[in-house]
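Take a look at the structure below.
Going by the order they are written in, the chains are A, B, C, D, E and F; count residues from 1 in each one.
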Amino acid sequence: MSQRREPIEYAQASAEVRAVYDDIMATRKTDWVNNFWKVLAHDPPALRRTWATIKEVMAPGALDPLTKELLYLAVSASNGCRYCIASHGAAARKKGMSEAQYSELLAIVGLANHTNTLVNALDVPVDAQFL
Amino acid sequence: MSQRREPIEYAQASAEVRAVYDDIMATRKTDWVNNFWKVLAHDPPALRRTWATIKEVMAPGALDPLTKELLYLAVSASNGCRYCIASHGAAARKKGMSEAQYSELLAIVGLANHTNTLVNALDVPVDAQFL
Amino acid sequence: MSQRREPIEYAQASAEVRAVYDDIMATRKTDWVNNFWKVLAHDPPALRRTWATIKEVMAPGALDPLTKELLYLAVSASNGCRYCIASHGAAARKKGMSEAQYSELLAIVGLANHTNTLVNALDVPVDAQFL
Amino acid sequence: MSQRREPIEYAQASAEVRAVYDDIMATRKTDWVNNFWKVLAHDPPALRRTWATIKEVMAPGALDPLTKELLYLAVSASNGCRYCIASHGAAARKKGMSEAQYSELLAIVGLANHTNTLVNALDVPVDAQFL
Amino acid sequence: MSQRREPIEYAQASAEVRAVYDDIMATRKTDWVNNFWKVLAHDPPALRRTWATIKEVMAPGALDPLTKELLYLAVSASNGCRYCIASHGAAARKKGMSEAQYSELLAIVGLANHTNTLVNALDVPVDAQFL
Amino acid sequence: MSQRREPIEYAQASAEVRAVYDDIMATRKTDWVNNFWKVLAHDPPALRRTWATIKEVMAPGALDPLTKELLYLAVSASNGCRYCIASHGAAARKKGMSEAQYSELLAIVGLANHTNTLVNALDVPVDAQFL
């Protein structure tokens, strides 16, 4: 038996799953759903719950939409999640991320992992000014 | 013998180290240097090199200064680096991050670690649209 | 010269390696050995040592065998180790894990990575009741 | 200005926050709320959303309640999240985890991080039987 | 009930635990045992098993003893494990690590976390020369 | 639009990029440049900066060149960075790493991730002797 869960296409999806797919497409103004959701659809409550959370967290708020995508992309790059980098990279580009901005983002992510390591290894005491 | 390297204060620092401290303060328009640099000063080439990299990466560029700090902070929050969150949180607030923006940033970082986990565990195939 | 170590098949294996392969198959009541062991066999002491540890840790004890596999699988999913998810997922299914249970496991692993991030970033003080 | 967000006690909480606190206590049949929620309360939508997700994911389902807590604890132990280990360790003990079971859990978590490392470093090919 | 397991001192230890403590002290030519073992002693089989593995892995072999400690320390620094950095830092210093060597080690660890991040984010294809 | 940045070959590279490629080949006494640099070349300042740092950190110093490569490789193995393991594994073999040494390195990296997990989960107090 295969470990891998195959993406569930719209045509094969239950009404419960289709409702989420419909909302994803309406919210994003697209006519397709990416594989993350189609694979998560094997667990309909997880699909509904995860989409509800992403929709709420990524909605317009105190940070502008592009900044939000850049933050998502930065954490995904730091985690080395290939699919996440591809999908959130595409979303960020759609919202206006230029190649120069992406290069700066990667430089910051790499540097943060560098200095975070040094800070933890050196057990640097937190400055009174930061408390 | 202690493992922990004590911060090297300006008064005790060598000319080589002082030159970096001076540049940090001039660049940041502050009159003090935070502990990360004072601990790193035990290795003067590392101090010089790391500062030169941060100065270049965090300089004005394609991304605005606040967005850059937010990205640094997001990766530090994802790594759980207490000192890094404190220092880059302070820098971001100084550049204008509001508490509402910080809340959104944390929500995105937590969610990215959540969905990155699912994506990797489910081994989701990258959509053709993202390649 | 290739970096990758090829799996060492039973026919090519030394007596020392075969003894471990035999014990793996006898303990698991199977007639084949999975690639992890065949690749680790390039270092016979590591093969012997790692198998002895897994055999002891995964033996019947205070936790039932299925729970033990689920824990192994959960950590592997959190680490995003593709091979480990495949092999421990197969082992867990063999011991009775249903697809509904696997979905719940993944939901917990994703959520734990989400809330662990928030807790570390917010530096939440441990409640007196938990000490 | 302090980086750290202080826990918001029930007496100082808004009606929106109190409603979540009340549901946490009712669901868990306790008369207090732990610091994670009190710190998260600075962002009421995050508080509501995170509690709703945990409540749903940790509710009775295909896995029994103790197994669910053990999985949460295992991922928290793997991540080295001190607060999370304390809080989910307490929850697991309350649901019946014995010290012998906790010892076995830690042995599995440590071992999984050991073998996951070897598997990734050795780039072990997934066996056909697992696909 | 406390989550934290208190160190078990020699005077309170069972014969099974004392035998391991004795072997640790004899192997290391010291008259004390560090807290890691005293805390692990709550699970005697884990104590025995973990010590046997460390003793075998860290014994003289193809790599000299100092190099082995440096490798252990480098991974611990990368993981940000405070206790592990302290204990393996002390062990490395005892085997001859100079402060200049420690500085170089930290520089390499930080840099590796930096470039590993870039490589994963950029999904760099492996060169034919490395296969 | 593709997410993946294609390697920039010498023939297509700008003078600024070629200068770095030339220095890489001269420093390493090779006639080719590996893909990491060719992909990083999409961001010439990052290329220049990262190479300058690696060149300085990996230059002869207090640690011998092979030990330095082993440390880089150990952290890369711990991070599970496939490209990094391939490239630094090749570099280490070129500087003399034997297969027996590589086996020992992997055993140490796996073990460090094992015991680091236990130490963090058990929240072991640092011994006075290590402070």
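By definition in this document, a residue touches a chain if its C-beta (ideal position, glycine included) is under 8 Å from a C-beta of that chain, and two chains touch if they have at least 3 such contacts.
Just so it is clear, the structure is predicted and the values come from calculations on it, not from any experiment.
> Looking at chain B with chain D, do both copies bring the same residues to the contact (over half shared) or different ones?
Mostly different residues.
> Greatest Cα-centroid separation from chain B: which chain?
C
> With centres defined by CA atoms only, which chain is the most remote from chain D?
Of all the other chains, the one whose centre lies farthest from chain D is F.
> Determine the centre-to-centre distance between chain A and chain D, using the mean Cα coordinates as centres, and give it in whole Å.
Roughly 22 Å separates the two chain centres.
> Just give me the whole-number Å value for how far the CA centre of chain C lies from that of chain F.
Chain centres of chain C and chain F, defined by C-alpha means, are spaced 28 Å apart.
> Residues of chain E that touch two or more other chains: which are they?
3-4, 53, 57, 78-82, 85-86, 89-90, 103, 106-107, 109, 111, 113-116, 118, 120, 122-123, 130-131
> Which part of chain F faces chain B closely enough to touch in the complex?
2-4, 45, 49, 53, 56-57, 130-131
> Using the touch definition from the top, list the residues of chain A that touch chain E in their complex.
77-78, 80, 82, 85, 106, 109-111, 113-118, 120-123
> In their shared complex, at which residues does chain A touch chain F?
80, 85-86, 89-90, 93, 99, 103, 106-107
> Note which residues of chain B are touching chain A in the complex, please.
The contact residues of chain B facing chain A are 4-5, 7, 32, 34-36, 39-40, 46, 50, 53-54, 57-58, 61-63, 67-68, 70-72, 74-76, 78-79, 81-84, 86-87, 89-90, 98, 100-101, 103-105, 107-109, 111-116, 118-120, 122-127, 129-131.
> For the complex, which residues does chain C have touching chain F?
Of all residues in chain C, those touching chain F are 1, 3, 42-43, 46, 79, 81.
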